[in-house]
Amino acid sequence: MTTVKVAPASLDPWPALERVRSAAPLVQNITNYVVMNSTANALLAVGASPAMVHAVDEVEEFVAISRALVVNIGTLSPRWVEAMRLAAARAAAAGIPWVLDPVGAGATSYRTQTAAELVGMRPAVIRGNASEIMVVAGAVGVSGKGVDSAHSTRDALAPARALAARTGALVAMTGVVDYVTDGTRAVSIANGHPMMARVTGLGCTATALVGAFLGANHDDRFTAAVSALAVLGIAGEIAAEQSPGPGSLQVHLLDALYRMDRATVTQRAHIAEAA
Amino acid sequence: MTTVKVAPASLDPWPALERVRSAAPLVQNITNYVVMNSTANALLAVGASPAMVHAVDEVEEFVAISRALVVNIGTLSPRWVEAMRLAAARAAAAGIPWVLDPVGAGATSYRTQTAAELVGMRPAVIRGNASEIMVVAGAVGVSGKGVDSAHSTRDALAPARALAARTGALVAMTGVVDYVTDGTRAVSIANGHPMMARVTGLGCTATALVGAFLGANHDDRFTAAVSALAVLGIAGEIAAEQSPGPGSLQVHLLDALYRMDRATVTQRAHIAEAA
Amino acid sequence: MTTVKVAPASLDPWPALERVRSAAPLVQNITNYVVMNSTANALLAVGASPAMVHAVDEVEEFVAISRALVVNIGTLSPRWVEAMRLAAARAAAAGIPWVLDPVGAGATSYRTQTAAELVGMRPAVIRGNASEIMVVAGAVGVSGKGVDSAHSTRDALAPARALAARTGALVAMTGVVDYVTDGTRAVSIANGHPMMARVTGLGCTATALVGAFLGANHDDRFTAAVSALAVLGIAGEIAAEQSPGPGSLQVHLLDALYRMDRATVTQRAHIAEAA
């Protein structure tokens, strides 16, 4: 893989970010308890309008007024999985893009099976770490590291491509280097900082931001997904430079998302076509 | 509306805040997953003693030892609504003031109906944004913006007054300008900062602080509600002045609540009788 | 009690912390909604790998891959208590150490009974404040302060010893002075700062860190528990010195956990044998 600093012009994250800020898309989240607060704050910082709505009694009605849906299985239970099914089906039927985050797929049978079922419900994007993507792609069976990845994204690129080709979803895989693939094309994003792994839920934040970018960029999902990961990675870099530790990083990350300007995006984005 | 800087002496927030700090009222919260952590921290910062207790098996017993109850429907589901009913009924019967936050009323039928039911259970205060208050007051049917407001508080003042008159609750409505009304009298609080809208759950924090102020000021609910909104708005102003973005604002807001002194309250409070 | 600055060499927290960082133990948490985010971040900052997994459908399978289990009843409900039972039984059977946090025991019958049942399921450590430990030990009946303590840890030391002797668990009790006892021996840890009480969930964080230290130090549970409390207390002191209020303290605490070095631990630890 050759990472060049200047992105292909068609993948410039800036116009996609501007659209998020001007449209302020309503993004519905059925997500886990751990990250509800932090992902809502990231969505607000980037300019979207988050709502955390997961009751079986109302998810379908809420999907209908949303511009994107995020489904994250981080703290799943049967009643929540039912709500995820209802919301995903409604979104797919209505042409509202939805993003799946198969948190911890491979750690327990329940997660692996739930992830497999949801993968079949036409998500626009599947966002996970390397181990989760490999499990969902069927390339490995179980993962012994809980919700953290035991593999590199480079190793998981072939399974990611196969998963995209099989499902029709984009696969957005995050790690030291992030990748987005539609099965044929693959693009790498080499932004971010190692200290980000010490803040809980930044993978879930990536998923939420993909939702926001999809919600404001219905016409080009590939660029939306790439842009979301690049903007988060850049914000993480800026935050890490200011932070003695992960507590500060989390605070500065939100500030950086809020203040992100065109020059910063242009200078820092490391986006490249991947072999 | 004429906003004068010097509040009517009877509405000075300082004595009400001092009572919160000296009494450290136990405030029970049945609230949403997104804000449990942040509202608990705001309650601690202002000097109250928060507890998040929502199991059907224990809410009534816990209400009996609390000085105030907060009921927030942000992430409602049937079992939680059952707990809200039990707790609200017990609080109303025991004369323990309780605050209702009808989060997202108007966004789905389930929320609108649940809010309507709880409004009828004698809350001491109903705290919402303009759209939520208008929906609960029956002035508009649905709101298409999810949990964010599509209306200004000024537009919603007449419906807020009608709601207060019909229910006997105070209505505390927050936005660019906040209002508290008992149906006849209305007071405006012109504090706060636009960046506060980029931090999730500050509306819910307003509700929680109203609970704390009610819990320590049973004898004057109107002043308690006004004081809570003024103190939060002032803390938000101070925090925004120190913050490059919403991540920092959330941190500094808690510090400002903790450090709030009489001079700051006196100099910054913008409280006025509203026409 | 004589507090001497130099700890008994066998209780030096540094080697135990180093083992957490090198082993990065997977710690499963069945904990409350309020603190899921903050305790996950504390576990990451100290070097552990947290997972919040509580569904009845998967807890037992997940325990089997974990190095320690944390069970915290802060926001309990029947389905969650069922998951706690399953996970605790599996952990005890497999020799995986588990920590019980009986949050709010004494505040409601439901909490008191649930805590009593779990105490009987062979936890390695019971971590609570003075009132919770006294209730669980049977020394007092009810506590009228919600989830905050109405007693000092010094007053609760005898009940704590009796509880440890009866159950075979270590009792780790936190307050102005912390204690760890196995029923016979008792050690005091005089670190920490009063402002820590204004941040929600730092007691729960103590419990989570005890889990992490147990997970990486299976061979010496007593030193593990003492070390966890000392490291948290020291981090709290450092954070308080940098913080105008509790918002900043929470941020700096995570930074301090992440940056903790041998010299800081050696200079600041106040650990002593207690009479």
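Residue numbering begins at 1 within each chain, and the chains themselves are lettered A, B and C in the order written.
Just so we're on the same page, a contact is a pair of C-beta atoms (placed from the backbone, for glycine too) under 8 Å apart; a residue touches a chain by one contact, two chains touch by 3 or more.
Fair warning: this is a prediction, and the values are worked out from it, not measured in the lab.
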| said: Could you classify the subunit A-subunit C contact as same or different, where same means more than half of all interface residue numbers appear on both copies? | reply: different
| query | Fitting the CA atoms of subunit A to subunit B, what rotation angle results, rounded to the nearest 5 degrees? | reply | 120
| request: Could you grab the centroid distance between subunit A and subunit C? Build each centroid from C-alpha atoms only and quote it in angstrom. | output: 33
| task | Any chance you could list the residues of subunit C touching two or more other chains? | result | 33, 37, 250-251
| request: Could you please specify the touching residues of subunit A with respect to subunit C in the complex? | output: 32-35, 37-38, 74-78, 104, 107-111, 144-148, 197-201, 243-248, 250-251
| field | Residues of subunit B touching subunit C in the complex | value | 26, 28, 33, 36-37, 40-41, 44-45, 49-58, 61-62, 65-66, 79, 250-259
